[in-house]
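Scrolling down, you'll hit the structures one after another.
Next come two complexes built around chain A: one with chain B, the other with chain C.
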Partner chain A sequence: MTVRLANDLFAGLVTGCIYGLFGAAICVLFRVSRIVNIAIGDIAMFGTMLTSWLAGSVGLPLWLAIATALLAVSIGAYLYDLGIVSRIVAKGSNGFVLVTFFFTLALAMFLEGLASALYGQQVHSVPVIWTGGNFVVGSLVIQRAQVVVIVATVIFAGAFALYLRFTLTGKALTACGQNDVGARVVGINPARFRRLCLVGSAAAAALFGVLLSPLIGFTYSSGFSLGTAGLVAGAFASLVHPFRAVAAGIAIGIVEALIGGYVTSSYQEVLVYAILAVVILVRPRMLGALGEFA
Partner chain B sequence: MNSKLIRSAGVFATASLVLVGLAACGSTPSKSSGSASSTTPLIIGQDVALTGAFSVLGVPESQGAKGTVAWLNAHGGILGHKVDLVVGNDQSSPQEAAEVAKQLITSDHATIIIGPEETSEVGAVATVAAAYHVIDIQTDPFQTWPPSEISSGSLEYVFPEIMGFDSTNASAYESAIWKAKGYTRIALLTDSTPFGTGMITPLEQVAKSDGLKIVGVQTFAAGSTDVTPQIQSLLGDKPQFLLDWTAPGPDTTIAVKTIRALSPTLPLGISGGQDTPATVGALGQTDADGLYAVTTIADGNVVNSVASSNPQKKIAEQFVQAMEGEHVNTDNGADTAYQGFDALYLIQNAAETAKSVSTSGLLNALEHQRDAGITNVWRRTPSNHGGDINLPGFIVRYNGRVWQYVQGS
Partner chain C sequence: MAHRSDTASFAVTSSLHLNRLTALELRRARERSDFERAMRRRHARATRRGEQRSVDIVLQGVSVSYGSVLAVEKCDLAVPAGDSVAVVGPNGNGKSSLVRAIAGLVPASGIIRVNGRELRGSCRSALAARAGIALVPERRALFPAMTVRDNVLLGVYSHTRVLARHQVHAVIDEIVALFPELGNKMHRLAGSLSGGEQQMVAIGRGLASQPGAMILDEPSLGLAEMAVGRVYDALGSIMGGRRTLIIVEENPVNALRLCQRVVSVERGIVREGETQPAQNRRLPANGVVGQEARVEVGDGQIGQ
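So, the complex of A and B:
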């Protein structure tokens, strides 16, 4: 029983880190630009499929395939901001959040279609970057890919915390999120930071996908569920607190694992989201700034 | 003067267009009138998922159908009629499947429909086929149309290509592996798709008739990122063999990887159509090694190994030849290219029996069809359009290099 609980908790921790990472990526962008990027999961999917193709079919060394894919995703995000997002911002809109949400939804569908056309319907995964056998502690089995995901979560969350707190650009990012008019008054360019966040979050998402793919495998349709899970984690952080999104994601992952292990496996996800809905009804302030858009 | 000239030119142009249009209409043969001559192409519509969740089944099936059509037309067509295959993408949606079927019939003038390939869509297309009196060869392996529905008229035009697929797959594992190795404690892991849960009842029936014990059944939501709780529950039941019956794709990937992590030596089998390099690539050599999979006689490793007396061997060799000849890669994910082949083979066989491609002739021939395809061997009757005799499937095992046929299946 103890071993089973430990395995379930560990698996839930890993799943939660995945949700939390995507939630944090959504929060980072929303914090600066008020854009809800539902395409974050599909960006991760596309980056992973591209890496898999570069490493597998083209034959590049894994590190070069990852670097090339991240560069390609970053360039794509830059062009998307340049060509689409900046135009929406320039036009101005009363329903800015909704309008940009639908544009990112369109981006998600575009990436799905493109991945389907380029890479087909079968499953793709990238080799785990830390090769070797599983770790076994008693009867607790830990896969190396799981360790990589947890470490990536800690590094990302920690590095971002340090960046926001101790660097000038980090403080500028925070300023953009709190008051972009005020930020402009003091000489901060919100558009530049928005683009930086979009490119950075896209590259980070692609990297998360690469680290995650040895565990779950990706098809062209895998991204949307990841983006949705990240959105739920981000919602519990008001879409502006990346660290709370990571914590929320981990909590959701653990609750999901415990329900699957001890309540019901068939209706695991249904119950998890039902619980989340009840939590929001009881404590709507958890959604924070999102209440403005309800 | 100028306005008169312009008006005259306009009248002349309009009249010319009308005359040209009438001439074009007159020269186009009406597909709804009279019987087809051998110069009239036989238009077959394929209602298949090229996008969406079922595209992993639909795309290879469509490729198989296209390759078969090319091969047929290179060998005289069907009763001398060139075959035109019109493919419609149902986007893995039942509503879209019905719309595609209607369009294939009304706009593309298809006289036969093949597909769809997924359980949730078959009812919608069957309704359309009945309404338009068009034969529908359905390629979904899990439907169970009762004879009463056929005689009532709602399914009069529907002919399943496969029926009872799950029971033949369960029987394949039972005869080749479980009985041979003395395994009596079997665990089943499925996902929440109809494909996955469709195995529960057939496996229980096979177990009941052969003295096996299903020690545990767990189902996880399709698309889950973690299935550790479900697998731990099954491992706690101490099975001798774990059958992972999940939809081809990420569900199988995460299930196999988690099972291998938690229990590296437990004998493990997966669902059909996944004995491919793509599966090995997704799982990795280590996790794929020793994995069992169920397949059809169309698998190259199987067709070369089975006895000559096998009633499906000849048609399987024809399939392999047709696909190779048309450079269709059948090793592209879920190996359902043979389903596209079999659907067209059924039509060809019925046309040759009826010596006609008319709907009534084909209908009568199909209702009395007695032949062997890749998907099964048929003994159809007017009250039993399924009519297959449920031959067990074939088991292969990945030995680190190839998927090798397991004798006894």
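So, the complex of A and C:
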């Protein structure tokens, strides 16, 4: 019983870290620019597919394949900002949140189609970057890929939270999302911050995809559910607090694992949305920024 | 015996306490003078480069348009260093567009020079801020979900990206000296303050970078009478000819008390002079309008 519980809890922790990571990546971009990037999961999927193709079919060494894929994703994100997002910004702020939401939705669909056309419909994954056998702690079996995901979560969310809290540029990043005119008056260039965060969060998402692909494996259609799970985790953090999004993601992951393990395994995904629905009804203030800026 | 040792230890701790206090105060004072020295060095460097402490602003043929609507039409305006200008005129006639163009917030055609250097490039607002222009925008444009302290500190962003602790103290102390009522509100969220206090924070944010020119867009809009008086008192105390000052007001009574010069904007046309009824204003001691007045007096004396 306790063995199973421990394993379930650990699996939940890892799943939660994945949700939280994507939640944090969504929060980073929303905080600076009020863009809800629903395509974040698909960017991760595409980056993983690309890495898998480069390492497998092309035969590059793994680190070079990852580096190339991250570079390609970064360039893609930069062009997306240049060609689409900056034009929407130039049009003015009326309905900005909604318009950009639909454009990232379009990006998600585009990436799904592209991945399916380029890499087919089978499952792809990248070998784990930290090779070796599993760890056994008592009766708990821990895969190295799981450790990698947890470490990546702590490093990414922790470093970003510290950056936001203790540096002037971190505060400037926050300022961009709160008042565009105010930010520009003090000499901040919001467009540059937005571009940086869009490219950075896309590259980070692609890296997350590569790191967690040994655990879940990617098909062309598995990106979107990651993005929505991240959105739910982010919603608990008003879409602006990356570290809180990770905490929320872990909580959701653990609850999901417990329900899957002890109640029923067929409603795991529905559950995530049920939790969100309850929060919206009972404590809408938790989603403060969403209501305020939508 | 026990009693005596108690008193003794009390005396020791209290003197330690005192020592620590004075040490802290000494350090703060030293840090503050460090910062002042650094600022002086910066100003000295700027002077050597030919820049003045207070900046001059020159506009040549500046037009601002939103789509097909022309907000400012071919404006020529020179604001020498240390000048103070009140920009007056009815609402929706282009006053705000004019100053927003100077601060680089709206795209404008024509030439805008600050200290002789033209502002042009991809992010003109950042250039203007770096050149020493601080705009306090209409409706203040604070960062509502950040603390007052962070709002003020971001004011130095155009000059430095890294703030040491003593610089933080120096910036905050200066603002608190100007607006003591903000002293115990530094950790409140800016959005939770009253309108008058928010205006003070916005001015503090503008002053944090020690700008050579302050531009205020409707600083008294939506404020109570008392808050307006407070804001203008503070402006009077920090300006005093040391900085270039441009104030945009639809109701210019207060601004005219502070400014030497009046510029009116009507239907996008910028003119030197006034449009307001004369009883609304008092003649300032010096400046363009005042000089005219003095010439008349002089003529009269010669006639005698």
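Just so it is clear, the second predicted complex is superposed on the first by the 284 of 294 C-alpha atoms of A that agree within 3 Å, B and C clash if a C-alpha of one lies under 4 Å from a C-alpha of the other, contacts with A are read in each partner's own complex, and residues count from 1 in each chain.
Heads up, the rule we're going with is that a contact is a pair of C-beta atoms (placed from the backbone, for glycine too) under 8 Å apart; a residue touches a chain by one contact, two chains touch by 3 or more.
All of these numbers come straight from a predicted model, not from anything done at the bench.
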Room on chain A for both chain B and chain C (clash or fit): fit
Contacts of A:Arg165 with chain B and chain C, given as first, second, both or neither: neither
First (chain B), second (chain C), both or neither touched by A:Val186: second
Centroid geometry (CA): angle chain B/chain A/chain C, rounded to a multiple of 10 degrees: 150
Which of chain B and chain C A:Ser221 touches, first, second, both or neither: first
If touched residues of chain A are counted for chain B and for chain C, the larger one: B
Chain B versus chain C as contact partner of A:Arg87, first or second or both or neither: neither
Which of chain B and chain C A:Ala175 touches, first, second, both or neither: second
Gap in Å between nearest CA atoms once chain C and chain B share a frame through chain A: 36
Overlap of chain C and chain B interfaces on chain A (superposed complexes): none
For the chain B and chain A complex, residues of the former touching the latter: 51-53, 55-56, 59, 192, 218-221, 223-226, 228-230, 232-233, 236, 248-250, 252-254, 257, 261-262, 276, 278-279, 281-284, 332-334
Residues on chain A engaged by chain B in the complex (per definition of touch): 4, 7-8, 10-12, 14-15, 18, 56, 113, 116, 120-125, 127, 134, 141, 143, 214-219, 221-222, 225-226, 229, 253, 256-257, 260-262, 265-266, 268-269
For the chain A and chain C complex, residues of the former touching the latter: 167-169, 171-172, 174-175, 178-179, 181-189, 191-192, 289
Touching residues (chain side chain C, partner chain A) in the complex: 103-105, 123, 125-126, 129-130, 134-137, 140-146, 150, 153-163, 205-206, 209
